[in-house]
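Below, each structure is written out as structure tokens.
Across the two complexes that follow, subunit A remains constant while its partner is subunit B and subsequently subunit C.
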Partner chain A sequence: MRELLLTCLLAASVFAQTGNFGSFTNSDDVGAPPLKGAAEFDASTGQYKITGSGADIWAKADQFHYVWREMSGNFAVTTTAKFLTEGIGHRKAVIMLRKSLDTDSPFVHLAIHGDGTPAVQFRNTKADNTNTVDFPIEGPGTWKLKLVRQGSTITVWLAKDGAPLRELGHTTNQLGSPILVGLGVASHTQEAVSTVLFSDVSLEQLPATAGTRQ
Partner chain B sequence: MSTMRQLLLVCLLSASAFAQSGNLGSFTNSGDVGGPAIKGSTEFSNGQYRITGSGANIWGKQDQFQYVWREITGNFTVTATMQFLGKGAEHRKAGIMVRQSLDTDATYADVVIHGNGMPGLQWRSKQGEDTNAFDFPFDGPGTLKVKLVRTGVKIYMYIGKEGAEPKKLANTEVSFRNPVLVGLAVCSHQADASDTVLFSDVSVEAQTPPAPKAQ
Partner chain C sequence: MKKVVLSCVLGLFFFSLAVLGVIGWVGSERALHPAYRQYEWSLATYPDLRPEHIQVRTGDKVLLDGRFFRGDRSSLVILASGYGDTQDQMLSIAEFLHQAGFGVLTYNSRARVPSGGEYVTLGVFEQQDLLSIVGYAAGRTDVDVNRIGVLGISMGGATAVLGAAEDKRISAVVDDSGFSDAPRVIAASFEKFIHLPAFPFAPVTIAIANSRAGIDVNRVRPMDVISKISPRPLLVIHETGDSVVPVDNSLRNFAAARSPKELWLVPGKEHGKAHTVAKSEYENRVTKFFEAAIH
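Take a look at the complex of A and B:
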């Protein structure tokens, strides 16, 4: 009985190492940026402090710090993101959906850049170029971001400095299931890191799309 | 003298051939892309374009639609006010398109309004690839002023509804080789029907490249 308890404790402790991220299960760098990133989760506030380096999440390969879990089907992700460090205008904080941890994996993300440019960006197939939709710049601030996946439709919402969420629009994507869903930070330079505070993070599994066979 | 006359005749004939494709105001040519089963047509009069187009879609790996175009190089701005005439499929689309060639699977970027009023920014990054799209929130059909601006690889989209000044919605990035084709496109989103769209206040403005710096 004691042995069993000990095993349980050990297992819990091992699990905690990768499981102390609230809504998520893991944290690591993607694309091996020279400066290592980090993620801290404060269970009392539910906040994530994510520090990431990396040239960019762009073109054919990505470098950033990622906090994720695996998900399938339909879901909604919401968070509020605020840059805590100065840096390059195009440093990014993102809600990231990703096929794998490969640097050139297909992905879709909703990004807020350091200068306050919102964007939806995606790589359709492995090692392909990144596509972008950039929205008019609104300046730096605290941004609420929401992304919903329903079947192949991905819809995004945005709000600055406490304003009500407004829909930006939607795109279609064939990432499929399961995928990795999480938060990412890229400094847009290999010589520095950026830190972003993510709060009010919610991850909600949504029912299967009506008429879609699972 | 006889040679001179022949030359003059050739000149007149070629001028006439040019006029046939040149009576399109801001544009030089019109035709169907992708060989839709029902032929499209374009009428230009009183500064307005009445463009009728059929075609399965502008989507996926290949496109079918009626196109009215000209060739252009460098940066430019195109604006048009557009309105669907008659009823049709909800996702019939019309708008301003930049296209690398007349191939059905050519690289392109467009700013379109769907029949139900939904604005969309669409692009095919490379010939033969799938279309990418981002669709914007909307509140129903109407008369829309659309504007497409090309600045380097960036394609900007502006929309204004019912007389409002066009507002910037977004931009994407597509690499074209110069020159490109730019023009107006209409697609019925069904192979067995066609749709007509009235385009007015059309302008094509090429931005002159900055003067070379003094050496």
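Take a look at the complex of A and C:
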């Protein structure tokens, strides 16, 4: 019986954390960074404190901590993100759409870097390189991020320090449905972690777009 | 009375045609022989840059004048200058790349003395100049032919894209403030460059310039070939407030390009001055880009 219990505990530690993650269902590291990440959800405030390590979400393979749920069709994701820890300028807090938990999975995300560089980054096919659109640096702050998927179009908005949201632009992708939708943190180094406080998180399922299939 | 009116109308028509033709000719002269841009710096401003003077003959027998700055490594970055510019435009970029250990090659494209050639052609012949320079560099024993990158500004950016689409020896491209297609950028910047109203003078000027230089500038469309650069890496840079070559050009190029591609939007209002307005970030990004691509 003790062996069975031990086996169950070990199995539980190997697989993704499942528990109370508010709007999301799971939390886990992607790409097995040496320093483990974690996520805490405070139901009373609706805030997520996500700690992530990992080399980056970049090139042909990713390392970061991810909190996600599965979604299909059209939807909108909004959050406010604030870095709680110092670190490398290129550390990232992201709203991410991801095909799978594979380290080289296709993805699209709206990222805010630690130095205040907003970016839309994407990997179109499995094991492909990552592409990026880096917007002008606005400096560190508290960021409101919004990402909307309608059909194959993804539109992103951004605002700093309480300013009104402004549209940054849009891109297209063929991630399809269902996909993993969530929040991620990467420290841009395997030797340290970054912690980001995500608040005012909302996931909104939007009506199907006429004539679109996902 | 009818004959007098007819004569007046015909006279006015031919006079207008003649005026249009003369102004179109003057416009084409300015387009094909743009004024030399003046810089606040020269090679003497960069004492650490000690060039080897080079001359390269193109396939159509134009002699290009350039400078080769030997690097600590055999990887090379060729720098292509903009419309109306000379290789001196690229000195500040040559400096930081050379400090990072890269070999650097700058050159005057045709019709920029002391290089030969008669006309500046907005990329039509300039891409041949670039490919001749690549051929020259590939033949040097101190250059690794598998580690040649190109960075171009404005027309140089367009030239870099056009050249890399043709020549696989170019392993990485930085397109700084380049245009997506010549017709659109000519229409947008005609008054700025030629100092004449775009209509009706632009089409006439372009037709005359095409005829004089034996080119079809309307076919210079980097956005149509930029996808051929993949899987070699591409970095596109543009100032968001550029009024000469609007940022839309780079957005179109980026959209048409394939992976791996990076677009960096710089908060500037000038044209081709990203290195000036965001110096350390520019140097950091470009150096890292070439280190990853052709180290």
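Definition applied: the second predicted complex is superposed on the first by the 194 of 214 C-alpha atoms of A that agree within 3 Å, B and C clash if a C-alpha of one lies under 4 Å from a C-alpha of the other, contacts with A are read in each partner's own complex, and residues count from 1 in each chain.
The working rule: contacts are C-beta pairs under 8 Å (C-beta built on N, C-alpha and C of every residue); 3 or more make two chains touch, one makes a residue touch a chain.
The shown structure was predicted, so the numbers you read here are calculated from the model rather than taken from an experiment.
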Handout entry: Clash-or-fit label for the pair subunit B, subunit C on subunit A
Key = clash
Handout entry: Partner chain in contact with A:124 - subunit B first, subunit C second, else both or neither
Key = both
Practice task
With the two complexes superposed on chain A, say which partner A:167 touches: subunit B (first), subunit C (second), both, or neither.
Solution key: first
Practice task
Examine A:36 and indicate which partner it touches, taking first as subunit B and second as subunit C; both and neither are also allowed.
Solution key: neither
Problem - Overlap of the subunit B and subunit C footprints on subunit A, listed as residue numbers - result: 124, 129, 131-136
Completion exercise
The answer for subunit A against subunit B in the complex is residues 120, 122, 124, 129, 131-136, 167-172
Practice task
Spell out the part of subunit B that touches subunit A in their complex, as residue ranges.
Solution key: 121, 123, 125, 130, 132-137, 168-173
Handout entry: Contact footprint of subunit A on subunit C as seen in their complex
Key = 231, 233, 240, 254, 259-267, 281
Completion exercise
Seen from subunit A, its contact residues with subunit C in the complex are 123-125, 128-137
